[in-house]
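So, here come the structures, one by one.
You will see chain A twice below: alongside chain B first, and alongside chain C after that.
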Partner chain A sequence: MAGSGNAHLRPDALVSARDIVVEFPAAGGRTVYAVSGVSLDIMEGETLGLVGESGCGKSTTGRAMLQLPRPTSGSVQLGGQELTDLDDEAMRLIRPRLQMIYQDPISSLNPRRTVRDIVAEPLFIAWDNLARRSAIAVWQERVAALVQGLARRVAKPMRILGFAMSVAFVLWIASETVEERAAESLFGWTEVPAAVIGFPALALSLAVGAVFAVLGVAWILLMLMLPFGLMSRQFGAVPTAVGLVGVVATTTASAFLLWRTWSSFGGWAHWVNSGLLGTITVVLVLWLLASLVRPALAGTSAVATSLSAMVVLQVFYIGGLDDTPKLAVLVASGVVDALLFVWIRRRYHASRQELRARADPRVREVLTYVGINPDDALDRRPWEFSGGQAQRLSIARALVSVPQVIICDEPVSALDVSVQAQILNLLEDLKNLMGLTLVFIAHDLAVVKNVSDRVAVMYLGKLCEVSEPGPLYSQPAHPYTDLLLAAIPHPDPEAPIGDSSKIGGELPSPLSPPSGCRFRTRCPLAAQRCADEEPQMREIAPGRFVSCHTPLVGEPAPPTSMAEFSVGAES
Partner chain B sequence: MGKRLGFFFWMAVVFLTVLGLAAIFADVLPLKHPAETFAGTSKSGPSLTHWFGNDAVGRDIFSRVIYGAQVSLVISTVGTMLALTIGGLLGLVSGYYGGRIDRWLTATLNATIVIPPLILFLALVLFLDSEAQRRVFILIFTFVLLSIAPIARVVRAATLTWAGQDFVLAARTLGARDGRVLFREVLPNVAPSLISYSLIIMAGLIVVEGAVAFLGLSVPPPTPTWGDMISKGRTNLDVAAHISLMPAITMFVTVLALNFVGDKLQQHFEPRESVL
Partner chain C sequence: MSDATRPRSGRALLEVSGLRTTFDTPSGPLTAVDGVDLEVRLGSRLGVVGESGSGKSVMSRSIMRLLPKSKVTTSGKVLFDGIDMMSLSRRELLDLWGPQIAMVFQDPLGSLNPVMKIGRQVGEGLRVHRSMSAKAARTAALELLDEVGIPEPQRRIDEYPHQLSGGMRQRIVIAIALACSPRLLIADEPTTALDVTVQAQILDLLETQRAERDMSLMLITHDLGVVAGRTDEIVVMYAGRIVERAPTATLFRDMRMPYTEALMRSIPKITDDSHTRLEIIGGRPPEMTRLGPGCKFAPRCKYAQDLCTAEEPALMPAASSQTNEEATAHLYRCFYPVGSNEAAEALERNIASGRVSETGVVIGAA
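And now, the complex of A and B:
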């Protein structure tokens, strides 16, 4: 009977899944209990066969091990490392070690891509994720240092500038007032002492100057940070176009702000004269020059920043032009920016061709392993291959990142019987060659028998029996295993058709699984105890584990006072 | 893929290319000025000097058809490209992520389908209207607004199909990011239907521009547009049918060519079909 328990788990397993629960929300606020507390472990170099009817949750269990989707609860460990706690980013770095082969070889290969790219894709992705991780780490350090340094360096000149501006403002107001006073005195008005007029003017201008200084600092920080922060993330491996859009968008936004200010100042002369915006321009130009001269020192993000600063300056320049040359300069500068961007990317990132060249030997080697001639296959697309060949490609894709564990999700179910044997032998050979650990999911007991070192039988989200294939097939302990074996048709045309009525009824709905043992509704041996109490996994013979109160082999389960506990554990 | 696109496909492509080039280089070509009245005899039919004849005030219809193509092509291509980008992205995101994002996006897009196009045009034109140049932007804006939803729907449906395939799961198993999955795995498969559908949308926009011009809401004179020419020619249909007929035929052939190219391309790029 399908129950819970961890008695069958061994220490030092390479993959260890404990109490995996996977639940999906269903319509009407209900829940699909796809997998309810399955524990499995696989030793290094072992093949675990996972069998059961369609819909029993065996594929879901396999995918939960890959964290796609993550199990609702439970723990999955790979070589002692807990996977369920890892965030997506950390999990991406583990993924090359855990691979999967799918049931339908055609739909698991993208029809638009060539074999060369499909098989190399795991490498591209792994390289990209590695590069990105280091890029992010570097970025975080740099950004912290840069923000602090920038704030320190920029704040002081801006304060000085603000002070200078306020002084200038005062002088200007004062001179105006003096002239006015002179005019007034011409008309015979009473003269007011200069100090009295000067003082409120001085206070006002100081306040204005301070505001300008603070705004200026904030502005420069914003201008440099905005494209800076965005770009350094873009520089991972987001397509060039996206990065370009990022540059253009951020710089356009900042340029628009600057432009508005510029026009409110009334054009070039005033803009430069106003000092503040003039300083911004100078800072940007210096920044640009510095990062172009010493890109290694300034880092990729600084290059990107200077590029965006350049775009800002271009926008300004273009904004000041007449309508006729505007378009020409706009297009020309756009082309220059795009070229610069591509150049910078090429400097820091390998191009697609370089990646392909780097991956090529590995791809060829792996294709040879799986029995496909690389010279014929590399430039073809998956639909030009037969089912068996496509499955070989799928295996090649799983192998190219040198995984430790491959989860084979019914890899031969969609293939011709003659091809099935080829693929199974191939997997067996590769396993021995590369020291792989396999999880072999299938509904065909005969297939599993030949490849597995250990077989686990699943029923409706629970484990029934875990055992070595020999005894399991000769003397099934769990009634469900017995019925499954009885349902295998014999390849003898004279033999009577097996008693198919032995296993009656349909799989109960995983929306409302039966109480106690989940198999009890179809079990010929079901008793009251099976409905009340969920059977726990226990060892009935050395290396044979079964979760059934009344197994066909070994002693019945001893009465337990833990009945309430186990029922509670199931919910 | 080795499949022949056929003679008519290339005819359509050549026609569209020639029309596009003529529209772009209209100023350079030895054409009559489109607004020059009495360039030929009023209402005279097609001749060697005036290939498409002259309209009621003697303007050269051929020249006006070429200049009118500028408006039609600019509005339809720019409108389609914008709608394609926005609608395509929305459809991809909606179909790939599903769930709440999908529900909200679909609801919003469905809401834009409810807007009656003509009333929207009237409202926008009356509300914002002024100069001729501005009218082009209003037209494009409205066209984009109206064609985002249909494009997004097509893309969403295609994305749903493709995102359910095992190779998408495979890419995620390999540790690919959503962006990579969307643009490397899903988009290339969605693209063929997207491109061919956008050509049909483009053809639709040309027709809609004609309809709008008939109501006097398109780009105002003296800029010639196909819709305006057809509309103006209708008073003389009994004596000089060619005034309406020539731009109408051009529009008909253009729309036909766009539809034809779209259909053929879709067939051509369907990988499964070529296997069967």
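And now, the complex of A and C:
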């Protein structure tokens, strides 16, 4: 029972999962063996019911098929295409075909968004993905992620540094080595010795320095961010050329600034400052390059701090500029950036509305399918709906990208009995209407029987029995299936109440699953062989597969050597 | 109390009449329980069935007087063994909770103290009500843990709730409830958060303990399957009212209330073939702050006529029952009871007028 093997797999399945293993690290270096070698397949248009107690790994199996997260090992194929080795980008292109419905309808819908956007979201993402397929688009996205991460992390060090540097700035002005040019261009002071200015002037220049530092930082950050930052995913519609122009413009401006700064100082400050600046600049450039290759490196706070230091230094050295034409270049590049910003914003808003308009007929159509009046619902938010209606919205969201396969993870467990029937009937209708293939995960055996063409019973990360529902329910072959069925309360006072003494015990911990058959610790039929040897999936009657040494239906498993032989012959 | 609700056989341990609980909500008064009459006889098992929002939990808390004082008005009469619960002071209630009435809640983790060892929690009632010493309470707690089927009680007694599985926790909650040998146990959805296998174990445990201690049981659930084999009498609630009340066997054999029938038919049955079409109840439960006149189930009912939306039917005895006793035992709240000729005619009229589809689904309710 609760064993492995692939005897039950069929050729030409739409979804084929082989030997899925999902393990999670646990505290103390231990491992949770959530799913241990489960193989399942689903034919096109079929509903596979997946039942078991909580903690048996049924949801994890369903999610592993969607690569959420990727299984630790094993293979998942959709229409012959292997999913486990696709990268995130390629997987995103597959996702419209594989959708999911979750247990709790309210918490799986974003309360702040309207039904219109919630239901259309898979379409937006799918279209966006299509638009972003070129290599440059991917590169843009990485830069955007980098700058966004930077902006997030830079805020605090920036404030601290801004303050520290304004103090340094004041001291610098007050010092004998100050360059007249700098003081003059900043404040219009000439030849005023610091000692004469006195404390009030010191405080004033501290304040001015702080304001100047903040403004300057904001300006340079804006210049750095605009062309990159606005290229993020939601701006997929912005042409690559615009992005490139922005990149070139800002890089040129920054390089120019850097050069001016570098060459406009003399004296000992020159060596200290430019040495510092040079080091920081080199680090920054290396980091930028590295982040483009490995996006995970973007936004590391140490580097962000260095960058903010550099930006602040740059701000001070702008004061060193005296050539009007060069200042004009700086202003011009700023104007270009600002224009770019405005243009992209307008472009963005137009495109979001355009997307909504494009999605509108599809959204209305699916809402009608799930029995919700689109005119009433489109501009409402999920919390305005009851549980059953919210589950209908979840279903609509899953349907909108015209999926082939929907994985329903306990879709009716949180609903009242009367609403549960509505949702079950709806799923059945939609399946027939759209030719869907469903994986239906639930702990309620009666519900699973109602919707399924094939039922798989799971126990502690392993499969027990795979069969058509009729025989499985009337004559369970696996002792665990028998136990589950015995535990169901029947809405009939005359029905005998199952003997719960038969059930005994609870699910063992997935941290240290039992040897051999995992069910043996609760199995009334357990023998020595069950502890020594893991049963393999085998066919005990046409279309009925069980992994048990001594099933309740059919012959006991042949001795080990024979078992190995027969498995080898089948596969 | 009307004739129909008078106790039949056995002494009533708990008698509730005209219980009405109103919450003061921002959108107006919400009467969650409206005129509930019921009784639990000594040693009997009463099942209370209803969907979420039907008022079954509020009812049990009103009986226990567990609801907060502010913004809640409770009226009606609750007699527990002749004592008027409504007039008891807080102090007197504390003496009642535990040795007389105990409660088991749905969420076992939420009803256990996470920072207190299990043994202390189980023995607490004994120390308070029986003035036991800590040592004696511990010994008694060990026995109780053993009785509710906790393996290795010696070890478990010094553990904390988070170290146990859901089923084990619910056993602990039951042990706490049983500690002072209450005469009435109110179990409010005791198995809803549990797996089907664990559910069966817990229900069996409740039953064996009830029989051993000659306790009365009020089992509140949304699952007709849970109450079917394990109660003597069932009360079906809808919109804060009792809509049908009958001995368990009678209810399942001869249900009168269309809501009970619809609820039964909407449950997928394990004996049905796969892809059997489920009969649905269109629409959803009414807004409790905006109840209209008439039968509260009428908008979703396939038999409903004009009369149903105009006037609310009273609880009436099932006239066609063979014996007088059965008649007073079986009450329902409907003008067109299931199985009557009137109902068949009403359904035909509704189908003819297009209000109900050929398959018996109310059109426009969904």
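Convention: the second predicted complex is superposed on the first by the 342 of 571 C-alpha atoms of A that agree within 3 Å, B and C clash if a C-alpha of one lies under 4 Å from a C-alpha of the other, contacts with A are read in each partner's own complex, and residues count from 1 in each chain.
The criterion applied here is as follows: a residue touches a chain if its C-beta (ideal position, glycine included) is under 8 Å from a C-beta of that chain, and two chains touch if they have at least 3 such contacts.
Please read these numbers as outputs of a predicted model, since none were measured by experiment.
Following the overlay on chain A, a side-by-side fit with no clash is recorded for the pair chain B and chain C. By the touch criterion defined above, A:R18 lies against neither chain B nor chain C after alignment on the C-alpha atoms of chain A.
Once the two complexes are laid over each other on the shared chain, residue contacts for A:I125 go to chain B alone; chain C is not touched. In the superposed model, A:R380 lies in contact with neither chain B nor chain C. In the superposed model, A:L109 makes contact with chain B only, not with chain C.
Set against each other, chain B and chain C touch different numbers of residues in chain A, with C touching more.
Once the two complexes are laid over each other on the shared chain, residue contacts for A:R356 go to neither chain B nor chain C. Residue contacts after overlaying the shared chain place A:L93 against chain B, while chain C stays out of touching range.
Annotation: superposed on chain A, chain B and chain C show a minimal Cα-Cα gap of 9 Å.
Of all residues in chain C, only 51-52, 165-168, 195-201, 203-204, 222-226, 228-230, 248-249, 252, 262-264, 266-270, 272-282, 284-285, 366 touch chain A in the complex they form. Across the interface of their complex, chain C is touched by residues 53-54, 371, 386, 388-389, 416-422, 424-425, 428, 443-447, 449-453, 469-470, 473, 483-498, 500-501, 503, 506-507 of chain A.
By the touch rule above, chain A contacts chain B in their complex via residues 66, 68, 91-93, 95-96, 98-100, 102-104, 107-113, 121-122, 125-126, 128-129, 237-239, 242, 381, 383-384, 394, 397, 401. Those residues of chain B whose C-beta lies close enough to touch chain A in the complex are 165-167, 169-177, 179-180, 183-185, 188-189, 271-272, 275.
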